[in-house]
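One chain, chain A, links the two complexes that follow: it is found with chain B in the first and with chain C in the second.
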Partner chain A sequence: MPDRPFIETIDVVKTYKVGSSMVTALDHFSIGIEEGEMVAIMGPSGSGKTSLLNMIGGLDRPDSGAVRVKEVEINRLGEEQRARFRKNNIGFIFQFFNLIPSLTAIENVLVPVMFERETPVKRAGELLERVGLGDRFDHLPGMLSGGERQRVAIARALINDPMLILADEPTGNIDSETAREIVSLFRELNDEGKTLILATHDRIVAGRAKVMIKIRDGRMVRGKAHSRDGMRSLSPDKGGGVPE
Partner chain B sequence: MRDRENRLATRKRAKKSAPWGTPKKLTPLGYMVREVWRNRSRTFMSAAGIASLALLFILFSSMEQGLDDHFRGETEDVPTEESIELFKVKQVMDDWVYLISALCWTLMVLVIVNTATITVVERKFELASLRALGLSSVQVSFLVGSSMMLIVSFGIMAGIIASVVIIPLLDIANLSLLGGGLDLPLVYDPISIVNTLLLGLGAGALGLIPPLLMIIRSSPMEVLRDAG
Partner chain C sequence: MNETDRSFNSATYALSHIRHDLFRSITTVVTISLTIAFILLTTSLLFGLVNEISETDEKASILDGMIPGSVSMFEEFRIDGSQLSKESKASLVNYLLVTSVLVIMVAFFIMFNTMSISVQERRGEIGVLRSVGFSSREVMKIFLTEGGVIGMISFLSALFLGTPFIVNLAAYLIERGDGGIFFVQPMIPLQLVAIIGALTMLLTVFTTYLAAKKTLRVRPVEMLRPTR
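Coming up: the complex of A and B.
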């Protein structure tokens, strides 16, 4: 198929069962994201941002619809295959950093590759230097500030040189000054050609992305949507979005 | 240049922060040992539990062996009163030894299930993060499983070492309490060491099944969400 976007979700539906009722997290959600883009996903709490990132990152599977990343239909892969896909292609950055408390900064950067025969210690060190933690190699996460922890997490996300970086509220737990630095780092990575998708509440963070997508109740309310008949600009009143 | 020196100096200072310094690499084994060390008080308790059960098991084996040996060499025509009493004990032991061994083993399995389950539940967030970062559930199970096996080995080793010291001492002290005033012979049978090792390995393997199933069944996403 010619010119399929780098990442696309087609008609993705995801519902969660809560007790006896169903919550729709993603409601026929379609989007196409080109390689090298930097996309901010905004929306109120519970609008489905995390669910969308989880789909793209292969952490979760849609009830229906398709998720394609780099021509791989990841919704068809099994759990283990998705794990491998994640490791090789996707860098994850989480709101709560998710560092391993018993491991030092540099060891945390090496976590995704610890089962590999060759440990790229040198690369891990370079990445830490790059995110400005050249003097924190041997610190445990408990000895680092929130911003420093997030930078360790960014270095970790880069260890396998992924083409896609997914960040779920990466600045949710750090002060705005540090957040600005983190976003600059994201911009730098994007300038180097990496595709970034960030879910965020922070307007300043979102403002520095190239594309902004707003979602509400699992539907896109503003942004560029993608459907089977190709790319088109989308506004809420033209279908596909939520009628307001 | 000066900048670089400064950085090196800071690096040196930073070294103090973690006792093991900058690692040459990160291996699953290294990570596992670190985790075991971090939870050392629980590691110690579980290992102590396993050690006491191993010791109990070896003690009973030695009692049985002692009685067996005692009666194998028996040539007296008129058995002494003590011999009759001992024979009674032996009969009871023969009936009970399997039950007691089985009980030791069951308790060992329970200690392992318990410790491993607590580990998995407590480290749920961490384990889910590992999987989100691309480790497979098999690799994560390996991490948890091998750290449990390390604890089991500690326990079994400690139990064996304790038995090597304690059983001869008990034999000298004549175990008069247990035998109801009788001089119960204890014979340390080296085979029981092998048996204990097998016992521990078996208990470890069985005890790990439920917690490892928990890991394999859980989705990395669900768990990440829980913690958030």
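Coming up: the complex of A and C.
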């Protein structure tokens, strides 16, 4: 099948058991994302944004349906294989930065490649310089501001040169000025050919993405839906999804 | 900064963490050192009993010189080490063996508990390592390295801070079944140091392994969820 999109979820269902009841986080969710796109996922709290990113990044597995990234059906991979897949292909960025507090900025950037035969210290330094932290190599996360921490996290996500970057509310804990800078950085990465998917509440952040998708209760309410046979169809309710 | 001689591996990682969480690390080291000191205590008595039984009376008189009356208090019950019958010696050895094994078992549980708490506190960190693509083996390697370093520091501090107390400040009275009292001079030969060192490393690394194994069974997504 030559025409499959770069990333696709097909009929993905994800439910969580909370006490004796079940919560549906993703309800037969299908989406196709092309290589080089920059996609913003919007939706109210609890709509399933994080769940969707976790599926695409192979951090979690759907109850049913398929998740395919770069021709790899990651829902069929086991936990360890998915870890390997993440290492080689995916950079994660989180709302709470998730840096290792005991390690310096540059060490944090080097974490993903720690077990490599040769530690790419030079590359880590270049990435920190690129995100504007050339003078913060030896700072611990505790000594950095929120925006700076997030930039360390971005440099860490880039160390393995992933083709796909997944950011879950990357500006959720950052003032709007810094958020703008971070989004510009994302745009730059996208211009260099990286595929980005960001979950966000922030309209300004979402506005800078090329494609916007809205989800609610685990279903897509706006954007381009994706069907089983790989054909694209328009949004179910609005009749024409992609803004701008 | 010097980029060329900057190295970063599991040892750097472990040391950074120990240094960063210094209070926690010291608490862990003190706890483990104490358990090792107890192992050292019972096993050094065992060694003393087995190897130096005839010299124990000398120890008694030295002690009496230091603390007058300390031995004469028991004088009427005291038995010369060389007079100790084979059976009595064997039963004393057995008694110390059983005690040593019990102390080692208790040490195992205390260490496991201590290591579990430290691993548990770092669930989020494990989640991050998994999200950047570490295999569970790689995560395990980091924890085992740190467990090994903690074990080593604990062993050295138990040895250098605990030994003087064990060997010099204490006289050990062991009561025999018939009411007689017998002095044992604890002995810490190099051989015993090596055995306890190996035992410590084995225990700390193994208990860390068990603790980390338990936590690694949790799915990465769960570990990444903002804490409660």
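Brief remarks follow.
FYI, the second predicted complex is superposed on the first by the 233 of 244 C-alpha atoms of A that agree within 3 Å, B and C clash if a C-alpha of one lies under 4 Å from a C-alpha of the other, contacts with A are read in each partner's own complex, and residues count from 1 in each chain.
Definition applied: a residue touches a chain if its C-beta (ideal position, glycine included) is under 8 Å from a C-beta of that chain, and two chains touch if they have at least 3 such contacts.
Worth saying up front: this structure is predicted, and the values here are computed from it rather than measured.
Partners chain B and chain C, once the complexes are superposed on chain A, run into each other and clash. Once chain A of one complex is fitted onto chain A of the other, the partner contacts of A:139 are limited to chain B, with no touch recorded for chain C. When the two structures are aligned on the shared chain, A:54 is found in touch with chain B and with chain C.
Looking at the shared chain after the overlay, A:92 reaches both chain B and chain C.
By the touch criterion stated above, A:186 is placed in contact with neither chain B nor chain C. When both complexes are overlaid on chain A, the residue A:103 reaches chain B and chain C alike.
Shared-chain residue A:122: touches chain C; no touch with chain B.
Once the two complexes are overlaid on the shared chain, A:29 sits clear of chain B and of chain C alike.
Taken together, the two complexes place residues 54, 57, 59-60, 79-80, 83-84, 86-88, 90, 92, 94, 96, 98, 100-103, 106-107, 110-112, 114-115, 119, 121, 137-138, 140, 156, 160 of chain A in contact with chain B and also with chain C.
Remark: chain C residues 1, 3-4, 6-10, 12-13, 16-17, 19-21, 124-125, 127-136, 138, 141, 219-221, 224, 226 touch chain A in the complex.
Note for the complex: chain A touches chain C at residues 54, 57, 59-60, 79-80, 83-88, 90, 92, 94, 96, 98-103, 106-107, 110-112, 114-115, 119, 121-122, 125, 137-138, 140, 156, 160. For chain A in complex with chain B, the touching residues are 50, 54, 57, 59-60, 79-80, 83-84, 86-88, 90, 92, 94-96, 98, 100-104, 106-107, 110-115, 119, 121, 134-140, 143, 156, 160. Against chain A, in their complex, chain B makes its touches with residues 7, 10-11, 13-15, 17-18, 20-28, 31, 34-35, 37-38, 125-126, 129-139, 219-221, 224-225, 227-228.
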